[in-house]
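Report on the following structure.
Chain naming follows the written order as A, B, C, D, E and F, and within any one chain the residues start at number 1.
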Amino acid sequence: MLVVFFILAFVAVGTAVSMLVTRSSIYAALFLVLNFATVAVLYLILGAPFIALTQITVYAGSVVVLFLFVIMLLGAERLPGGESLKWQRLVAIGLAIVLSADFGVKMIGENTMLTSVTAPPEGYGAPAEIGKILFTKYAFPVEITAVILLVAVVGAILLAKPDEKPSVREGLRKKMDQEG
Amino acid sequence: MDEKLSPIVTALTERFGCEAQEFRGEISLILPAEKLTGLLQSLRDEFSFEQLVDVTAVDYYPQEAPRFHVVYHVRSLSQGLVLCVRVPLDGNAPSTPTAEGVYPSANWYEREVFDMFGVTFTGHSDMRRIVMPADWQGHPLRKDFPLGYEEVQFTFNFDTVTKRKPQPKE
Amino acid sequence: MIGEVILEALWKGIAVLLFLTAGFAYLTLFERRVLARFQVRLGPNRAGPFGLFQPVADAFKLIFKEELIPSYADKVLFVLAPIITVIPSLIVLAVVPFGGPINLFGKMVNSYVADVNVGILYISAVTSISVYGITLAGWSSNNKYATMGGLRSTAQMISYEIAMGFCFIVPVLLAGSMSLVDIVQHQNETMWYIFMQPGAAVILFITMLAEVNRAPFDMPEAEQELTAGYHSEYSGMKFALFFMAEYIKVIAVSVIFVTLFLGGYHFPFVDQIPVIGPYMGPVVMLAKTMVMLFIIVWIRSTLPRIRYDRLMAFGWKILFPLALLSVLVTAVVVLLV
Amino acid sequence: MDSIPVSYLLALSAVLFVLGILGVLLKRNALVVFMSLELMLNSGNLAFISFARSFEAISAQVVVFFVMTVAAAEVAIGLALMVEIFRTKHSIDLDQMNSLKG
Amino acid sequence: MTDIREVTVDELKHLVSERAAQGETMLLNMGPQHPSTHGVLRLLLELDGEIVVSCIPDIGFLHTGVEKNMEAKNYQQAEVMTDRLDYLHPIGNNLVYCMAVEKLCDLDVPPRAQAIRVILAELTRLGSHLIWLGTSALDLAAMSVFLYTMREREKILDIFELVSGQRMMTTYLRPGGLWRDVPVEFEEAVYKFIDHMPSQVDEYQDLLDQNELFIDRTKGVSVIKSEEAVRWGITGPVLRAGGMAYDLRKALPYSTYEQYDFDIPTRTEGDIYARYAVRVDEMRESLKIIRQALNKLPLGPVRSNNRKYVPPPRSELGVSMEALIHHFKLWTEGFTPPVGSVYAAVESPRGELGVFMESDGSAKPYRVHYRTPTFANLQIMPLLTRGYFVADVVAAIGSIDIVLGDADR
Amino acid sequence: MGVEQKLGNMGVVTTRLEQLVNWSRTNAMWPMLFGLACCAIEMMAAQAANYDMSRFGMELMRASPRQSDLMIVAGRVSRKMGPVLRRLYDQMPYPKWVIAMGDCASCGGVFNNYAIFQGVDEIVPVDVYVAGCPPRPEGLIHGVLTLHDKVNHEKLSKWA
């Protein structure tokens, strides 16, 4: 189990680093997918099959595909990477180190109260269980999320819609008619 | 001559001073290049020759002036008439005004005449070669352009012809 | 104990893979013969008796064909894309039961590779990642036709996935479980879901055709506009993998459809046949799948291709609301009954 | 079967989070910045799931579910914005998005 | 062999929109080897997403130099070339060539020959429409229609083979008549075909007319009305689908078409579906013409008696010295028409097919020019596609029924 | 050009392999959609119901040269088309074959002039010439079968 975890952790960190290092947006998106997939496997190990498969469906199946779609649509495969200001980079790395150190200290300090993960008990994380709690205890958040999604969809449509004439096609036809 | 055609031809010959020829019931009007656009305009607007059927040319090489005749056929769909208009051109840098303004369909026909005979049409919107490759040398339908005949292989010259034939790489 | 479990999963997995690959090979022949019959022709009949070795010939030819990688292509993704396309289509059937529990050498064996309690979610997850192969193939070829094919298929698959997801919910609501084993069992106890919810069944069938890019939704490889679409630049085995993925997906969606709406491996009275009855599950499944495949080929031979903008409008403006409606109706009925 | 200490999982989550921060701070390509954001959300999810397993609390899984939904909504809006910005500026370089009017 | 010379964007700047230079729109090269360009047409499409902004047709990939080659052959030899121009309509090409020569030489054609010409020309029209129907349905991926139409076309080809020995390039029509009389089985074979054919046309219509997808892809797409079509020199079904009932067979009847009773099918919409409907109706009208011509097929000779231009029948060669001399002269030197130029035109399945022929008094034509319908009709491709989708380009190409041999010559 | 280079001389095994591969190549020879002129119509006729080339596994007409094995040059090749044809031939993966269908593709046919290549064998190597103007579908099928015969006699050493 531990071996599996280390392999997965290695892959997850590796893909995350590669995502940051690569200069091609397409490759970055693909590394992100791999990262999500490894994390999904971790979820499976942690007894959350529902969340794991939702993760793959939502993140790998829709979110990153959208990313890829937009990259291809814009033709933005190769754009400048992290060539930003020198001090900004140094500060960022410094902050990262501080954050990691903070985490490490906390982790070592309070390790005792956390248990180890073993095989999950029967029925833990089953869809029925999640569904029950989702629609009773968390019914209100579900509604709010639904509204957020709706707003997002409407907003996305409004944003992506070409603002001028009804459509490019109509405009072209009109222009053609004028020219005769 | 067709009775419907004759008043039209008379009117046109008077107005534009062109020469009318008849052969097998078909009328050809011969007129200089500069009057062409006006003639076509009045043909379309006054005599309802709505459609330009064809533009082509004939090369009378080695005769030099005129060496080319650019031949226009216009058709009246409503009256069922065809009229031929010929424009004689000199052999040296032949050029004539385009009929594109009157009949938009002249665009490709004139490109073809340019491609095949080297007659340029002034005012044409897109004077490029149309059927031959863009880097082709010469104008194939001129009479001084060789047919490009390839020798027929017989037993006696089989090897010599084969030797001349290009062979592709695998 | 654990070794035994792994071994069992292994041989069952291999059995499913063999079924799919052999099925793929003979589906191509089946399609070519049936299509030929629709078109008053004979179809391939020279390779072996009745052309039965035709798939073998195709396979050997493709194996011994030169593999070209265009010089402007993105080499890594160009090679990876066919593999990414094939794998989801191969693993999607892991949760489908092919028959009831059978007695094999004195041991009761279940006829599925795995019974996951989120089986339907597994299917939708796997189908949702199958879009990658096509998108990347189109992009990495560095060919305008291929890129357009890839973009088209991405948009198409994402759009139809939504309606498909809603159609998946209908059996889940009816059976009260996400496990395909439970769904089939419930259909056996009550009736086939296609009789309960014919609307959802039809929508699911249409969306599945679109999801696997079959006629009349074969936009990404619309031969008449995009030459060969996303696999324009592929040759040899890499092309064969795309070919394989496409046909395996067709088999897979047929099997899934049969499982969700046509009662899976059940058929009235078949399991009461003495002696062989319990073993008839896979045979029934195969027969039902064949019927589905025949319908798919029939559609291909009859219908023209839908235009791309109409395809998207159809998915979003017609199928999506209808699927939503059928979920609503099902939910209300399940709640009241 | 041996077990995985939860602290390992949390450490992994922390590392991924830090990498996400680095991406957000250092990258100039808006799309990659977006991806880094997703990575950070994901590492948070991982921590949630670990705690859920550790404390046998199914509620944490539900929270992850919400996070995913909101992330999906965010991506939809963000990418729509990106397309719109690209249409006017012909670039998705963050350094050039410094004016409020396009 | 030269390499492909790439045409730069600069050369085409005046043809594409300004946005192409900035890379906002995509330039897509369709053809010359593309499954749905019906041969070797090349279209340079400027696309905004999936929408066509501009379309630049490039022809000439099948330029055969026929006109030049005909100048090097005498009148009989040159006819062989004409079959291969519009290879879906070979007998019509022969017909218009023969009509031009006959006009040039003032030749008469006996009525039996005229009637057989009509029958064969209409059969060719049917065959051409069948190919068009099949391939343009195939462009919309309705693949079965193609195989059904090819099945019926084989029956037409069998009739051609019966009369001439060749399936496609028959060269059966000759100046002054026919090559020889039709065999006795001809009438029975044609009757059999025209009795059988209407049900087949119904079958095609069953497959397409009720088909929502087909209607969806054809109605309201690539509209061109007749006024604009006339300005652009469009003829044939494309013109008639726009609302103008203009058909050379009615307007300027040739080959005794005036004797037959038939209608000119028209539509007013001018879209792809209208062109489809016009052509399908034309198929039925052609069957009507064939039946009438066959019912009153006159007896008599099939070749003109003018021995200056038409070779004598083989039976005369053994008994008449004069016939032998004519035969020898005609097959060695050829005939010499008077000086002058003529224009003859027929209604081909695609529109007006005309021949401009100039003679300088020698045995070889001084200039032969084919006015081909495809060349004229192809010119409006930019109009037909601008503002529509890429998929509509394919349907539009199919709907104007192009034959590249006809356009490039 | 696939794995065969690595096999070397293995006697009986390779002979069997040779037969098998040649058999598969003849039975799954996918032609490229390459209609040029008149002959293309007869090629279509050969594909269609009455003649049905699909019997030989040839109905999978590929639009992409990458996936085709056989180029049937159906019709005359003009000077403008020649370079395109050669490029398409170069894009096809080995092993590839060419059938020159009809007189024009074989030798220029009746068009002995400036515009037409006097035989497509000036541009690409041709395996089988089919005579006729245009050849009947039977003629094309005979040409294809002749090519099958030729392929069946190919030696393993020739593949690489």
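Throughout what follows, a residue touches a chain if its C-beta (ideal position, glycine included) is under 8 Å from a C-beta of that chain, and two chains touch if they have at least 3 such contacts.
Being a predicted model, the structure only gives us computed values, none of them experimental.
The minimum number of touch steps linking chain A to chain F comes to 2.
Across the assembly, the mean Cα position most removed from that of chain A is the one of B. Counting C-beta pairs in contact, the chain pair with the largest number is A-D.
Among the remaining chains, the Cα-based centre furthest from that of chain F is the centre of D. Taking each chain's centre as the average of its CA atoms, chain A and chain D sit 5 Å apart.
Centroids of chain B and chain C (each the mean of its C-alpha atoms) stand 61 Å apart. Inter-chain centre distance (chain C to chain F, centres taken as mean C-alpha positions): 35 Å. Separating the CA-averaged centres of chain D and chain F is a span of 55 Å.
Annotation for chain A: residues touching 2 or more other chains are 50, 54, 62, 66, 73. None of the residues of chain D touches two or more other chains. The residues of chain F that reach two or more other chains are 48-49, 63, 79-80, 86, 112-115, 122-123, listed in rising order. Interface residues of chain F, counted against chain C in their complex, comprise 1-4, 20-21, 23-29, 48-49, 52, 54-57, 59, 62-64, 66-67, 69, 91, 93-95, 159.
Partner chain C is touched in their complex by these residues of chain A: 26, 30, 33, 49-50, 53-54, 56-57, 60-62, 65-66, 68-69, 72-73, 126-128. Note for the complex: chain F touches chain E at residues 33-38, 40-42, 44-45, 47-50, 63, 65, 75-76, 78-84, 86-88, 110-116, 122-123, 133-134, 136.
Chain E meets chain B in the complex at residues 1-2, 5, 7, 11, 14-15, 59-60, 63, 65, 67-69, 72, 103-104, 106, 230-235, 244, 246, 251-252, 340-343, 345, 352, 354, 356, 358, 366-367, 369, 371, 375-376, 378-379, 408-409. Those residues of chain C that touch chain E in the shared complex are 35, 38-41, 144-145, 148, 215-216, 218, 222-225, 227, 300-310.
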